[in-house]
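Chain IDs A, B, C, D and E follow the sequence of writing; residue 1 opens each chain.
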Amino acid sequence: MLAYSLKRLLLAVLVAVTVSVGSFALLRAAGDPAVAMAGHSATASDIEFIRETYGFNRPLPVQYADWLVKALQGDFGESLYFRMPVSRMLADKLPTTMTLGGLALAFALCVGLPLGIIAAIRPNSWIDRTALLVSVTGQAMPTFWFALVLVVLFSITFPLLPPSGSGTWKHFVMPTVVLGYYATPAIMRLTRAGMLDVLASDYIRTARAKGLHPAVVLLKHALRNAVIPVVSLSAVQFGFMLGGSVVVETVFALHGTGQLAWESISRSDLPTVQAIVLVLSSFYVVLSLIADLLNAWLDPRIRVA
Amino acid sequence: APAPASAGKADDTLNIAWAGELPTLDRYFNVLREGELVARMVFDSLLTVDPQTFDYKPLLASSYRFVDNRTIEFELRRDVRFHDGEPFDADDVVYTLNLMADPATRVLSRQNVDWIEKVEKIDTHMVRLTMKAPTPLALEYLSGPLLIYPRDYYSKVGSQGMGLRPVGTGPYKVTAFDPGKRIVFEANRAYFDGSPKGRPTIGRIVQRTIPDQNTQIAELLSGGVDWIWNVPNDQAAKLASMPNVVVQNAQTMRFGYLAFDASNRTGHSSPVNDVRVRQAIAHSIDRKTIVKRLVRGASEVIDAVCFPTQFGCVQDVATYDYDPVKAKALLADAGYPNGLDIEFHAYRDRPVAEAMIGYMKAVGINAKLTYLQYEALRDKVYNGETDFTFMSWGSYSINDAAASVSQFFKGSKDDYARDPQVIGWLEGADSAIDPATRKDLYGKALRRIAEQAYWQPLFTYNVNYVHSKDIAFTPTADEIPRFYAVTWK
Amino acid sequence: MIPVTIPGPERAVSTDAVLELRGVSHTYQVRRSPFRKSVPLRAVDDVSLCVHRGEVLGLVGESGCGKSTLSKILLGLLPPSSGAVLIDGAAVSGAGQAAFARRVQPVFQDPYSSLNPRKTVAQIIGLPLAVHGVGDRAGRRQAVTAMLDCVGLPRRVLDTYPKQLSGGQRQRVAIARALIMRPEVVVCDEPTSALDVSVQAQILNLLTELRRELNLGMLMISHNLAVIEHMATWIAVMYLGRIVESGPTRAIFERPRHPYTRALLQSVLTTVPGHGIPDPLPGTAIPNPVDRPAGCAFHPRCPLATDLCRTVPPSRVADARQGGFVECHLFPAGEAEAA
Amino acid sequence: MTPILEVEGLCVDIPTPAGTLHAVRDVSFRVGKGEILCIVGESGCGKSLTSLALMDLLPGRARREARRLSFAGTDLGSLSPRAMRNLRGNRMAMIFQEPMTSLNPAFTIGNQMAEALRCHTRASAAEARERAAELLALVGVPAGRDRLNQYPHQLSGGLRQRVMIAMALMGSPDLLIADEPTTALDVTIQAQILHLLEDLRDRTGLSIVLITHDLGVVAQLADRVVVMYAGSVVEEGPVDEVFGRPAHPYTRGLLECVPVPGRTPPGSLLGSIPGVVPSLIGAIPGCPFSARCSFAADACLTRQPPLRPAPLQPAPLQPASAGHSFRCVLEGLA
Amino acid sequence: MTMSETLRAPAAPAAAAPPPTPGQILRRRILGHWSLVGGLAVLGLILLLAVLAPFVAPDDPYRQDLMERLVPPVWNAEGSWTHPLGTDHLGRDYLSRLLYGARVSLLIGFAAALGSGVIGTTLGVCAGYFRGRVDMVVTFLVTVRLSTPVVLVALAVVALFGGSLEVVILVLSALLWDRFAIVMRTSTIQATSQDYVLAAQAVGCSVPRIIFGEILPNVLNNLIIVATLEMAHAILLEAALSFLGLGVQPPLPSWGLMVAEGRSNLFFEPWLIAIPGVALFLLVLAINLVGDGVRDVTAPDGRT
């Protein structure tokens, strides 16, 4: 168990490092940080000076190693744009994005799981078809379009919810629905497929043969086995939502990491982008590790025999 | 209707929104226009410009006088205190201006401070400023970008501290600042009487950054914010008919232009190296229709590469009217009878860019658009990588041709003309004191630029200010909304 | 009586042994859970066997004892961890793979998974011809048609897909595919255990006929001893990767030596009522191939196990009279001869 | 013997896109107390559906119909789902073919066994575990108490099948339905499990319906046997009679297909039944076996004869009521 | 019985009606699957219109007329038949742009699915077939890919190279291969464990022959399903990029771009965003329905 966890951790670190190397290379190709830092009216010598002071003239691998060592100590450098420690900005913005991601995932699970279960219990019924429609619509609607439609509907036509900001729970309702709805179809389908598989399995027949109440059969025997793949998927989805919340955060002016990343990309604010990519990818890796452990708990076959 | 957390008039809070993210509130270290709005609320400079008459008026100075054409003496006000209670005096002026003028400080807009040689304290309420050379724009700078900071505070917290918790003398103080997200202003009840800016009337102003235009409008319509700007004309026109909304359109000092690589700076010879191609492009675009139908508002077509009200911005330059036939002829003459392909860069006003591409296409010029973020495009321009760009320039709201034509044609990083003649004229104009000489030299430069079509000036911009009926807001031509002057109706 | 030889290094290999295994072992690395280290699993342990022309070697043993692994090694699909596969006395190397494939062909257990569902019967049966570049298209089709007749399938199935065939028909297709290259040895891994009794009989009959007609050597793996007795000329009994007893069918059935063989024989339930249910091996000490018992691997289940069995692995004892061998402490070398 | 289970005219229909599949056609049999009844037949002949129909566990779309379906005097046909649930796992229990997949991998053996008792009685968790441990000992699982905390994947196939049997016994059933309980097991293990079943019957008077396609198992274990073909019963009777003197050509054909050590000469050709089972969709005119029957006459193609008593056998003379009956126009096979 | 008798013994009686061939079954299943038929119909229609755009479009999609800006569609009181769907902010005929836009959107979908499909399938099949080290490397790559925030990388790349059709397609291809790899890996492992692959190996088939002849045909339906999903995904991602100003560049019309452009008139000319939005929705919906349909129809016991 310990050896396994260590190995997974090593893999996680390796993945995060690979991603950050990739993004480092990409971002360096994208823009000269010295030029970005020097700003508007800098002269060539200003830029040269910045290169010197910040070490942008060193070989890329050296710069990367330097960055990584500092990053591991929690020091992501200073934002070129905001001129404040990136770690502080992340501490400020991550909670918003995490809240949004968490809520959206919860929404997707709350909608996707029951729909998937019901659809599996009554395949081809009207519920199944409705669930299918809901999921297909979710997949086919551009996020920003959906977001704007909601804003028009619930902030202007029926002024129930504030269109933007992050002050109260009300502010999170629409972003959650938009982001969560995007993840719902996958979860619903996987639940449905898993449930269908499990319901057709021998041990469900055994459970029924014992004379158990159908609800017990469903919720105890079937669900636990059916959600195992859903757990892994949720980790992937959560990771995706953290990275993919740019559009939602932009529309709803949520000021999370997604929007920060996007603005930082366009401002060539490399340390910020770099840090966000590293944090998001590490986060994903940690999530999938958690998903693995959760699955091990759910499925004793994976657990220590 | 919803009751947003802070709902307008009832609790004396003005909610405003814009898209820009201010990295810091230290004005010397941000260049965004929104930074200027904040600066005017929080800080004061020695002088100020009357937005209507463009006259210079004393602000922190109670009076000033030119000792000679390189020296000004300022008599300072005695009744001014910074937000932290520290009294304002000569030390603050001397400290701030000398610090910012020092190249080691690396303020972002060097031209604002470069001309200052030194500032000396004469007594507690008297300072003397010495220029490196006679500077025609000196008063312009002193009444805008050169804000006075409290010496004790700034020397203690530095630019970072100031950026987060600014302390100035202005009509509003900042009580909260989440960078890129939110700024909360509180009226400075101790603001000095007799300031040309007037005393603040609204108790609290909350600014939020809302990146998406639609969301801004939605917030306005739902009462979440009271004031937004830069609303596209199509929307503004429709918003004007809404019951609780006021739309005001005002011209700005910003103008749009096409810049060509006339001197082959990219090194990969492009068709626009040829003046005839540049002229053809200029002739191919129907600027009048674009202005009338697309840009609309108070905008107008311009022909010289400066804002018409700017000092020295002569109008008797070569013009390129919409004439596709002539454009085609010029192209054929330049050796492109079958049209040509060209890379085209832009960073704003996509519809205008698209419209121009449409016009060019009609005469056989296939402009392939690369649309970039401003910062990215600016870097490309600085690095000499663009053939043909659609840009805009706001002259830092300085009403003098030095802030426009001199900015771009004096051999700087963004000078793609590199015309020694023009450079010579402009250097002369920028250092001369005599208005007539300056005007003559700018005129020469402008005419040469137009004739060579180094740039094709397009039109002046306009801004739509959209706000709730509850407030009285007066737009100004310099594109600097003055929130301290806003009042409840 | 069929001339038989003891495979393995003890006796000279008779000339008609087509396919031979010498001291072959195979070890898998298995990981029982992602949280654990992988451990070696000795699926086949020092096995020597040979298949003769026209003979059927029957391999029996319980599930997981390594029968399929052994057959894969014989087919050249799995390189043995140690030991050698010989064909006509020559070791098979990588280069000889194609030639090897022409001479040794498999018939698998499950006729549902052994036929590619996306191919027609003609394509499936003709695949070996196509791979080895035998003949042209028309020639191949002719050969396939002939083969169909040979395995008793109507010609109209040529262009149908496996889905449209019954289990028995599919198994015939699999046999046709195995035989089309005229191999000398066919390795049948439980060829009838997925089939119904009535179909099983058809397939067994077909295999018997083909063996006689084509003088095929055959390795027949089955856990159905009745089938093995019926088909095989020589039997090898496998337990946890080792051949524990081997000999001519008749001799094994009449005088089984190894307690495991005896238990297997006892477990056969015949269709003649009245024998009752035997209880051959009481206890539930199911062997764990990853964690082999010390000494004789069978000792935890053996009713006759002694202390010797628990500590010392028995050695292989040739049994001249039977022409086979047994690996059991109950039969020390001398006694085996005498028994 | 008083029958514990009486089945008369059981039919199972499954609607399919191609038409209604009549999987079980008018099946009748009865099981006496303490009797082992085996149902044999080829794959797909409806054995499993028959057993599932008894338990009311048919897959969703399948429909059950019967003239009479009575268990220990209760009419199963008219029971509410709730009452049926109370019977299931309590007085009638079932075990399945695949010991590997029939236990829920996510729960411990103990949990799954206890649950079987606790959903029918008010037994406490401790009591249920106690009984589980006892039953594990009964079915020969060594160290049963420790095994209660183990997960199914930690047990071998034979052990799992024993656990399944123990679990079925949790509610002290009167009837155990076993659908191919040994098919997936090795011969030696199979013998053990069958031994166990026989032993249970002897000790507790349990009635068993055992479904299998292994004629050897039937021959050695069954008291009575039902031979099914294409959804209907073709022959039924005491196992000695049916296997000793099969009356239906299909039964005889089946028995000839299996080599008997010592009786069938090695290497000889086995008897075989040519052809395949007819499709069960729609009605089958005549005898379903007629297409494969070497004795088929014209009459067989139009009409299926009713189940009728087999002709009396020579000594020891048994009355026809002992119930060896078959369904064929032929007057028994010599 | 003699041998010949045994061999001639009929293996199957002459059935009354021959069982339907897989082709027939498939056709029956497809036709009985309403959502698949519907999806195919819509997709086919869009494809047809896209191909025939030059013939059916009423106008040049690039011809602008600033005097005729924002003409509403015909169902609006101010609309006219000259521009059935109205005109956009530059006075270009919206219907024509919609038709030409279909080409671009479909092209992006197809090309991105193709590109990512080639990458993902190659990786997945190799991992599934060779297992061991190859599998480890591929799994690692997939994890890396999954832990890369796609949208951010897409933004960065496009911000670097500027948005253009080629760049967008390349970026999407390079980013959307993970699901192909995962699904292909599992399907290949599944297919490889089938005895027919063993049989092919025993016959002496070369590795490419096994992969292309035995494995790929059997995993093809999974491939199609993933391809449709990714195609839809790519089209939507392009729309999201367009929203952030980084999709294909004007004046080239893509539906995503049209939606993004129409967004600035969201409140007062909602049809500008609704028309391409609905088109986009229908397209993605149709693709998804087709994907689902293929899954159902090719599943062992498909829903009927």
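Keep in mind that, in the parts below, contacts are C-beta pairs under 8 Å (C-beta built on N, C-alpha and C of every residue); 3 or more make two chains touch, one makes a residue touch a chain.
Composition by chain, UniProt nomenclature: A, E = ABC transporter permease; C, D = ABC transporter ATP-binding protein.
Here the structure is a predicted model, which is why all the values come from computation and not from measurement.
> Could you run down the chains that neighbour chain B and chain E together?
A
> Give me the set of chains touching chain A intersected with the set touching chain B.
The shared contacts of chain A and chain B, listed by label, come to E.
> By CA centroid distance, what chain is farthest from chain C?
B
> Once you count every C-beta pair in contact for both, which comes out on top, A-E or A-D?
Here the pair linked by more C-beta pairs in contact is A-E.
> Taking each chain's centre as its mean C-alpha position, how far apart are chain A and chain C in Å?
53
> Whole-Å distance, chain B centre to chain C centre, using C-alpha means?
88
> If you average the CA atoms of chain C and of chain E, how many Å lie between those two points?
About 48 Å separates the centre of chain C from that of chain E.
> Find every residue in chain E that makes contact with two or more other chains and list them.
Chain E, residues with two or more chain partners: 6, 9-12, 159, 263, 266-267.
> Residues touching two or more other chains, restricted to chain A: which are they?
31, 148, 152, 156, 250, 266, 301, 305
> Among the residues of chain C, which are close enough to touch at least two other chains?
In chain C, the residues touching two or more other chains are 166, 168, 202, 205, 209.
> Spell out the part of chain B that touches chain E in their complex, as residue ranges.
213-214, 217-218, 221, 232, 234-235, 238, 286, 289-290, 292-294, 350-351, 353-355, 357-359, 361, 368-373, 376
> Could you please specify the touching residues of chain A with respect to chain B in the complex?
Of all residues in chain A, those touching chain B are 31-32, 35-36, 39-41, 43, 46, 79, 81-84, 89, 92, 148, 151-152, 155-156, 159-165, 167-168, 250-253, 255, 259-260, 263, 266-268.
> For chain A, which residues are in contact with chain E within the complex?
Contacts found on chain A: 11, 14-16, 18-19, 22-23, 26-27, 29-31, 123-124, 132, 136-137, 139-145, 148, 152, 156, 236, 239-240, 242-244, 246-247, 250, 258, 261-262, 265-266, 273, 276-277, 280-282, 284-285, 288.
> For the complex, which residues does chain A have touching chain D?
Interface residues on the chain A side: 201-203, 205-213, 216, 220-221, 224-225, 298-301, 305.
> Which bits of chain C are touching chain D when the two form their complex?
62-63, 166-168, 196-198, 200-202, 204-205, 208-209, 223-227, 229-231, 249-250, 253, 263-264, 266-284, 286
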